[in-house]
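Please go over the structures that come below.
Both complexes shown next keep chain A, but they swap its partner, so chain B is in the first and chain C is in the second.
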Partner chain A sequence: MSVRIAGVASTRYGRHDASSARELFADAAADCLADATVPLADVDAVYAGNFMGELVEDQGHYGALLADYAGAPSRPAVRVESACASGGAAARLAAHAIEAGAADVVLVGGAEMMYPVDTPTITAALANAADDAYEESVGLTFPGIYAAMARRYLREHDAARDDLAAVTVKNHENGVSNPLAQFHRPVDADDVLDARPIATPLGLLDCCPISDGASALALVSDDYARERGLDAPITIAGSGQSGDALALQDRPALHRIPAAERAADEAYENADVDADAVDVAEVHDCFTIAEILAIEALGFYERGDGVRGAATGETAVDGRIPVNPSGGLLAKGHPVGATGVGQLVELAKQLDGSHPNQVADARVGVAHNVGGSGASAVVHVLRGA
Partner chain B sequence: MSVRIAGVASTRYGRHDASSARELFADAAADCLADATVPLADVDAVYAGNFMGELVEDQGHYGALLADYAGAPSRPAVRVESACASGGAAARLAAHAIEAGAADVVLVGGAEMMYPVDTPTITAALANAADDAYEESVGLTFPGIYAAMARRYLREHDAARDDLAAVTVKNHENGVSNPLAQFHRPVDADDVLDARPIATPLGLLDCCPISDGASALALVSDDYARERGLDAPITIAGSGQSGDALALQDRPALHRIPAAERAADEAYENADVDADAVDVAEVHDCFTIAEILAIEALGFYERGDGVRGAATGETAVDGRIPVNPSGGLLAKGHPVGATGVGQLVELAKQLDGSHPNQVADARVGVAHNVGGSGASAVVHVLRGA
Partner chain C sequence: MPAWHAAFAAAAAAGDPYYLHCPACDAATLPPRRVCPACGGASLTVRPLSPDATVVTHTQIHVAAPAMRDDTPYTVAIAEFDEGVRLTGRLVDADDVAIGDAVELGARPRADDRLVLTFTPAD
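This part shows the complex of A and B:
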């Protein structure tokens, strides 16, 4: 039994002053069902990723709300929250519902508004993904958390801040040609190194932006695709998820994310592939260091070698293992609850050959979605025709 | 393929000044696994219901946090949020994971802290289950929403405020002998009618309290139960879930909850039983009127006849169809994210004959869990030996 991605859609990520999460999701959902050629009446359930609705829009109960605004108010709907991995987790649970025979068509969505509140407020809201007792309440926020991880990585592996900058340069270059990306402006290494310091060694361009946005996937069962004669060759070939302590202090090492390593191992085993088989990856580069840790967790590089990825061009669109041809979180944006769904949207386009930064002959794609500093990680392996 | 409830546990619901949600859940989880005789190492995943962590404890990312505090940090963990139906939805999704073959043992939990903030703050936090655009932002909170539903019901069915009071009297009587209940004090009809008005026609004793608490279930696959030789005869025989518009103004009628009717129909069909087969029910009595709407949605009474349930004694522990022998939300308490899980804990005790308010010969139990004013509803049918 496999689960197919019959259709995908995303709003542009960025600033949407005139919209709310429900409106952005309604747009993405309608476009997604049109792309899938699946009628709204066939949607059996709605699974929605959202992280900070209560804190930004005074709004919880997002599953039912988004189902209603997608035009499917009576369908069973849930909000799935695993911090920044909410979207990936929602897709994984939706696939379980199909595999369990509880649904034939699930509309998986993610939506987040971040611009309506000011930067200190959104930074505090994001810190709800960290451990309040040991991190948030003593003033640690995510730039500081990832800065600590970056410092340890650079020291352990004899690397320097300059080595991180190549990730930003690559991802912004990719963002230029992705119409869904928040930024369409190339940057060079000097721009990255000269940017305003945020938390040493990370500057402003080492950090993803805040973003509003929504993404949607139509997942369908094999049987439904066959009976309806859908052209839906892309399957979720495997998925893995793992967790860890929220607080960085409870981890054995700061310079790796074991939950992502476990999730990748499980997803590869599940899909019966190994890292070498992957043609394209969308990874969780909330900070430059995070992309480096991601490509090590996914097995594309040995530990300590991930810094070579962007610097050597190996992770460029035409490189050995293209990473974040979408622009990634750094350039495409990071509307938290939508991000994991958006990664699958990007990969589906790669696998059907319609991506603006198309990777040649892409058959196997991997999405890597992390929550917090690595207390949640979800990895999906998609396979094309 | 069926899913079995191998063990259950709950903290007492009420005020837990010295604890946090993670600590309460850790207690419930440990007791639950001990009850199940399932080792922690066998837990494949953790699904947790929580509604207001961000607003009460500055804490999101509850799936991973609760998995960590249960002693299972590396396991895939998600928080499931469907407002007050979060716990029921978490159990339903966990059962899907087992049916999909993605897990053999899932620890399902729910935890919520409500006392750490003051009453106006928690009332505003609860209002995140309503529609911010049309309800919360204009000042409507849940006592007002259910009061509107109650007024319409009383007018449509020629009933009076006195008819609601019997629900509180019954549920508080049941709470007296349930050690897990928040209140252990019997009340009479005059107490209910003389209580401080909250939102006409509802007085203080027509409303459930705010509560801290946590509950846990160990769900296991048939195969796991057989291979491990577990004594786990209780199965989830069926479940149903449906949704609706969040805003009351978008519903065709104020005096019924169609999502609960649809969820009940699906759960009965799924379990191949009808309402007559049900021996005991735990229903979502967040307000007295809600129990009346629940027993109509579940098919125990025709529309307009639900007011007779408590008044005639038919829904008492020794009545025709015992409803809320636990004390229900009114007397047992309502730590929001835990409530739906707690209902299943109570029913499991009924079906294994160990409940303090034991219903004679209970074989089939129904749990009815509602989010908001009915935008989410989850119904489970459990079957005992």
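This part shows the complex of A and C:
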């Protein structure tokens, strides 16, 4: 695959009380087209991720709405919903549209508002990513599902809750220096272990926050970039996506995310690279355990060794394989429908050398975006100049 | 809840739970599947499920959705049955549970009369 990332932008993730999904998306879209030096008139199609607009903003039909407020009301526009993988799935579909020759310029993004409703209501909305009949009906929340996976992982690999805390400490440290991040304060392991319980063994600081925010990319074809003389050396070199049973109870392995393993294999093969070639990764750390499962799925660690990543410093910005230098979902925030696109925004900055937490000599980046507890997984490989 | 789930929970409450068996590949699944996810076979048959199961993971929920808010903290477990299926249920008649514990499937009505699948520690 060779689809060019001509421009990127994200709003700050966090609380935007005076805003809305359409306004945040319009800001991100305008900034990314300006970054790309691509005129709005050249946009052929719009793909936008959003997960829970019906429940938070009493709004549906986000494809048309977001395209309209981005200034492209006549363009074909589609909302993509794959729970927390909505943004990654939108980027994949947009890249496929360019590869198929159906479009030369695609505006792909995502937007989510979460703060307008209270915590129990957003807990119920997030639980819609799980199986309503078999999981939500007995009171299993979304943090509860990952907590159940964490419990099994710790048992299988003889690890402890303390081992998870190092992920939060690392990602919050990275968030301090990322101006787009929701949190800019460091935390230590005791803060994580002493935080109030959400779903045991996970506490508040094992969980990403709720967030408002939007992200956008301008994707263009090789031909368009050449004809317009664009300086757009960063490409989406590989894309993979896989699925699985929606309910955790229907998946044989409770402490792995096989869909992410399959998506990673496909993306690496598509890009003709292997895990050893990756210089930097943005992964779906919706919970501490999720980052550990991610770096195992991506092939950076053997199963059971992922707990070593943050604890040993190997996944720090200056480590062997830097993971979530943006702060990740834990510190940068998780406006659900925007997150997968936001990961690509962060990686594009790494590959052009402009990231606030720059990884030295980053040439190959990987984004890992998971929906639900692993029923959707999207992995992208980005290549720099 | 959809009718299939109400029927499934009612059967569990009555001590007559069931599962789906695929004659083509022997896989065990749960209603309301039409097609076997393992082999694509479309001749799934209903078989009785033994109510005895073993806990494979669990969590105590402290922050719940509005409908369950008054129940917190409560424990949810996933348990595995000899037939090969797993179910997710609310732990009742016990404060805590551990991986490997034997539990028994049931279902109990909530205030709105809707049935919730439950696990009770086995004697």
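Keep in mind that, in the parts below, the second predicted complex is superposed on the first by the 384 of 385 C-alpha atoms of A that agree within 3 Å, B and C clash if a C-alpha of one lies under 4 Å from a C-alpha of the other, contacts with A are read in each partner's own complex, and residues count from 1 in each chain.
Just so we're on the same page, a contact is a pair of C-beta atoms (placed from the backbone, for glycine too) under 8 Å apart; a residue touches a chain by one contact, two chains touch by 3 or more.
The structure displayed is predicted, hence computed values, not measured ones.
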Could you look at A:A245 and tell me whether it touches chain B, chain C, both or neither (first, second, both, neither)?
-> both
Quick one: chain B or chain C, who's touching more of chain A?
-> B
Contacts of A:E57 with chain B and chain C, given as first, second, both or neither | first
Name the contact category of A:P76: first (chain B only), second (chain C only), both, or neither.
-> first
Touching A:T119 in the superposition: chain B (first), chain C (second), both, neither?
-> second
For A:A133, is the partner it touches chain B (first), chain C (second), both, or none of the two (neither)?
-> both
In the superposed arrangement, does A:R155 touch chain B (first), chain C (second), both or neither?
-> second
For A:A67, select first, second, both or neither according to whether it touches chain B, chain C, the two together, or no partner.
-> first
Shared chain A footprint, chain B vs chain C, residue numbers 124, 127, 133, 136-137, 245, 250
Spell out the residues on chain B that touch chain A in their complex, using ranges where they run on.
-> 20, 45-46, 51-55, 57-65, 67-68, 72-83, 89, 92-93, 95-102, 124-125, 127-133, 136-137, 241-246, 250, 258-259, 262-263, 371-372, 375-376, 378
Touching residues (chain side chain C, partner chain A) in the complex | 1-2, 5, 29-30, 37, 56-69, 71, 73-74, 76, 78, 85-90, 99, 114, 116-117
Chain A residues touching chain C in their complex are 119-121, 123-124, 127, 133-141, 143-144, 147-149, 151-152, 155, 196-202, 245, 247-250, 254
